[in-house]
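Sharing a structure with you now.
Naming follows writing order (A, B, C and D), and every chain is counted from residue 1.
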Amino acid sequence: MVEYTPTEMMTVSAARALKNDDVCFVGIGMPSAACNLARLTHAPDITLIYESGTIGTKPDVLPLSIGDGELCETAVNTVAVPEMFRYWLQGGKISVGFLGAAQLDKYGNINTTVIGDYDNPKVRLPGGGGAPEIATSCGEVFLVMKQSKRGFVEKIDFVTSLGHGKGGDDRASYGVDTKGPSRLITDLCIMEPHPVGKQFVVTSIHPGVTREEIIENTGWEVEFADEVAETAIPSEKELQVLRELHARTAKAHGDQQ
Amino acid sequence: MVARFMSLKEAVASCVKDGDTISMEGFTHLIPHAAGHEIIRQGIKDLTLIRMTPDMIYDQLIGAGCAKKLVFSWGGNPGVGSLHRLRDAYEKGWPTKLEIEEHSHAAMANAYDAGAAGLPCAVFKGYRGAELPRVNPNIKFIECPFTGESLAAVPAIRPDVTVVHAQKANKKGDVLFEGIVGVQKEAVLAAKKSIITVEEIVDDFGDISPNAVMLPNWAVTAIVEVPGGAHPSYAQGYYKRDNAFYKAWDPIARDREAFQAWLEEHVINGGPEDFAAKRDANKA
Amino acid sequence: MVARFMSLKEAVASCVKDGDTISMEGFTHLIPHAAGHEIIRQGIKDLTLIRMTPDMIYDQLIGAGCAKKLVFSWGGNPGVGSLHRLRDAYEKGWPTKLEIEEHSHAAMANAYDAGAAGLPCAVFKGYRGAELPRVNPNIKFIECPFTGESLAAVPAIRPDVTVVHAQKANKKGDVLFEGIVGVQKEAVLAAKKSIITVEEIVDDFGDISPNAVMLPNWAVTAIVEVPGGAHPSYAQGYYKRDNAFYKAWDPIARDREAFQAWLEEHVINGGPEDFAAKRDANKA
Amino acid sequence: MVEYTPTEMMTVSAARALKNDDVCFVGIGMPSAACNLARLTHAPDITLIYESGTIGTKPDVLPLSIGDGELCETAVNTVAVPEMFRYWLQGGKISVGFLGAAQLDKYGNINTTVIGDYDNPKVRLPGGGGAPEIATSCGEVFLVMKQSKRGFVEKIDFVTSLGHGKGGDDRASYGVDTKGPSRLITDLCIMEPHPVGKQFVVTSIHPGVTREEIIENTGWEVEFADEVAETAIPSEKELQVLRELHARTAKAHGDQQ
């Protein structure tokens, strides 16, 4: 019997969403682990791009920051940051943007700016960084985030980055012709936008997770698809590769094990 | 006006003054920490600090009371957490109140590009459906005169001074960047004056590509040799990022007294010559 | 969609069709002459040809009747004189009438940059006090929303196909440019499809700068190995510009019959394999 | 007694106008000879920039085209053409633009586009190339051109590149804050703009040239300064360097001597 944590299930599920021919703009943290797991398993030719300008990078350990030396040393090419945002991201060369969030609503709109009021925030978050334009310029967007009532809210405090806006065709009303959030991978389940309304619908539940747990950890009214799949458990290979990646990373960054 | 070789003290004294708009760039890589410390030592005040990713270097400048305003697009200690000095200044006004102007990375990268290109503003496909335009009056929208498409516009960044770190200068004062080059070249070209700290000054660059990322000597104001001057950031080919120190920064910055003690010991009583040892401890 | 290695015949047949808008770039250096000849051999018609500096390669395409329109900023045989086939088509309609759209270099360089950047138009400080805006409706002016300054705007260049020549591709299909790199990278990134002819395909690029001017394999459509494929232009590190041939072109192009005889002998009855010998005769 | 041709006198005079610390955007042809002569004589540290992207180039022979390999091989750095026009030219980094012309008026407005009507030209010239923006973005502009009634006209057929417009403050009315044409060097004389009216005024006459010759070879009413200097003749050093440069160039380009 394979043992794994909910976070491992989430990372493995996120990795599986990527294809071998994807060109992926990688956010730091959870997206970075998922994208590199995909590269080290079923998608060896995937192109990973970090906003520091590294194109086609193949880091042996996960970067702590978006611009670790490892990213450049293993990249096909490294370009200036204005070129990255202008020619590669805005130029429409990226198939998938992989983002995390602090707050998320059911339309995949993202807040990474403030909790509370913008001018008098309860918590001042780091800000949007690359996300506002990753969210609109990539062919589609995958979101990965641990599920909780605090994070999965009915109304986010600040729209840092556009998802499906108010749902339906609202995203297109901003002149955006990319697909937007097409998958949300959590530690409990996978959600996909409703084909018409664009609100997230649970399409796959991770093994051992109940519908009640999902509902309890979501601030909006959860919708389930007519047919909900059970997510395949992580394979031994997937877990082994992921754990080795984390172990190498911890060692490289001088963490205590 | 060809670049002059100076001491760090002389470079900061002659280029940076109270109230300046200053950009210290480096996208994780090549962050000019030694120069940041010199600005703190010289007690420069009321700076408008511009930086895409204000991290430890700006946390220190803000905590030391050098800044009145921050223009940024992502403020955090990468992979670690918040910038406690930044938050303390912004949220509680300690040691002085910090005003912020917030953008996205794309906006700032385009604004540096526009500054280097002598344009008054940058025009890009940005901020669509995003809320920052509601709270930042420096984000506007214009129409493409051919397609009618709505495009975002932000003012070009034109700092009084840009400070960056590079791997090498040659004896003529030309500067060579390699690896993750960020927005450094744009930030220098956009500025009225520039200070470049470098790992080493070499006779010549040897057999480099004709298309290397460079600044000719006449596009730079001051060059200072500061081995290790990017620590705890890194200089590709010279030393690695000191990730452990980025993690160690969190508890230091979390506490006002711990921060002040650190500042006193390592900045006020320190100097650029301290950085060489830090480089040696993190050799690539 | 990763780049495919093809023959030149296959690359042109699969990427270029009648009526396409096509950009063949190269700023004196790396001009894709072999590919131009293949387009002539395949009898492709009604092309809109875009190029900052239409020189001999476009003179040949125009004289062979491939073009209906030319978008350009400087049309001449550098250091020699007029392009006689271009002038004959524009002024006398032989072999077909040629329409022109004229810009400045700055406008076209910015328009390629905007095309690569996915923008509908380029905005720049240009055409101030110049008369081209009177005769070219694709030049407009907009106002900076911050300063009110008037700025020129031109539509982005978005070719159906871009054809360029580079020094090397590796076995994965990544492409390396070196030396005078012109607008080639931008022209490829701005286009729907691209054909890259290269001097050689190597196992890997060896010890090149991380910041080399490159295109990754997924940003390119077709790669063709054509040694000497830029002749009489040049490929730095491989062979020199054949200046004597640029001078010899003048009397050939001056006369319709001389041109047709030359075309028959060297293009219609020629092939990409002829270029290797031209390279050897001009070795660097 | 030193012997020299009027063209040599022109090239030498043009070269002398450049300073050692100038950053000069070099047009092809006559400007290129003058700029490189300056570099090889009194201005060894001058930065020569060609629009092909070569910065700080030191060619041993004059380029036939604006992008000869020699320019790149001897340059400090070579950048992409969009960068050249955006960061370096438009960015205001160039102190002097050196241009030639097919037609010129007394305000230094330049025509390199057409003789005759734009749509039905008598002669179709190569076009503006870099000149329209060189003329407005460089700190100042030097013009070099052989004098003739055909070239020096009262009204040019097409304003390819702005000089002083209609004179006086007209140039500034286009939002241009650079100095514009500050010197016109011909094979007969040197002209400089009138401080107020901005029309060209003859300020120095080459040795052996008469005022009548200048008047006969100019399509506008020639103005002479109150004090007109005599241009210093080319020194032996200047002539030697120039002739050696031309000889090396001819040899390299395969010319018959």
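By our rule, a contact is a pair of C-beta atoms (placed from the backbone, for glycine too) under 8 Å apart; a residue touches a chain by one contact, two chains touch by 3 or more.
Quantities reported herein were computed from a predicted structural model and do not represent experimental measurements.
Undergrad: Looking at the contacts, which chains touch chain A and chain B alike?
TA: C
Undergrad: How many hops, at fewest, get you from chain A to chain C via touching chains?
TA: 1
Undergrad: Decide which interface, C-D or B-D, involves more C-beta pairs in contact, and give its chain pair.
TA: If we tally the contacting C-beta pairs, C-D comes out ahead.
Undergrad: Need the CA-centroid distance for the pair chain B / chain C, whole Å please.
TA: Between these chains, centre-to-centre, one finds 39 Å.
Undergrad: Taking each chain's centre as the mean of its CA atoms, how far is chain A from chain D in angstrom?
TA: Distance between chain centres: 57 Å.
Undergrad: How many angstrom lie between the CA centroids of chain C and chain D, rounded to a whole number?
TA: Using C-alpha averages as centres, the distance is 28 Å.
Undergrad: Using the touch definition from the top, which residues of chain C touch two or more other chains?
TA: As it turns out, chain C has residues touching two or more other chains at 113, 117-119, 124-125, 149, 179, 181, 186, 210-213, 236.
Undergrad: Which residue numbers or ranges of chain A touch two or more of the other chains?
TA: In chain A, 72-73, 78, 86, 90, 137 touch at least two other chains.
Undergrad: Edges wherever two chains touch, nodes for the chains themselves; is that graph a line, a ring, a star, complete, or other here?
TA: other
Undergrad: Between which chains does touch occur?
TA: A-B, A-C, B-C, B-D, C-D
Undergrad: Under the stated contact criterion, what part of chain C meets chain A in this complex?
TA: Those residues of chain C that touch chain A are 1-2, 113, 116-119, 174, 186, 189, 210-212, 214, 216, 218-219.
Undergrad: Tell me, which parts of chain A touch chain C in their complex?
TA: Contact set of chain A toward chain C: 21, 23, 45, 47, 55-56, 72-73, 75-79, 86-87, 90-93, 137.
Undergrad: Which positions of chain C touch chain B when the two form their complex?
TA: Where chain C meets chain B, its residues are 117-121, 123-125, 138, 140-147, 149, 151, 153, 155, 177-179, 181, 208-213, 236.
Undergrad: Which part of chain D faces chain C closely enough to touch in the complex?
TA: Residues 28-29, 51-54, 63-69, 71-73, 78, 80-82, 84-86, 89-90, 113, 118-119, 121, 124, 126-133, 136-137, 158-162, 165, 171, 174-176, 252-254.
Undergrad: With touch defined as at the start, can you tell me which chain B residues reach chain A in the complex?
TA: Touching chain A: residues 27-29, 52-53, 72-76, 78-80, 82, 87, 90-91, 102, 104-106, 109-110, 112-113, 124-132, 135, 149-150, 179-183, 185-186, 213, 234, 236, 240-241, 243-244, 246-247, 284 of chain B.
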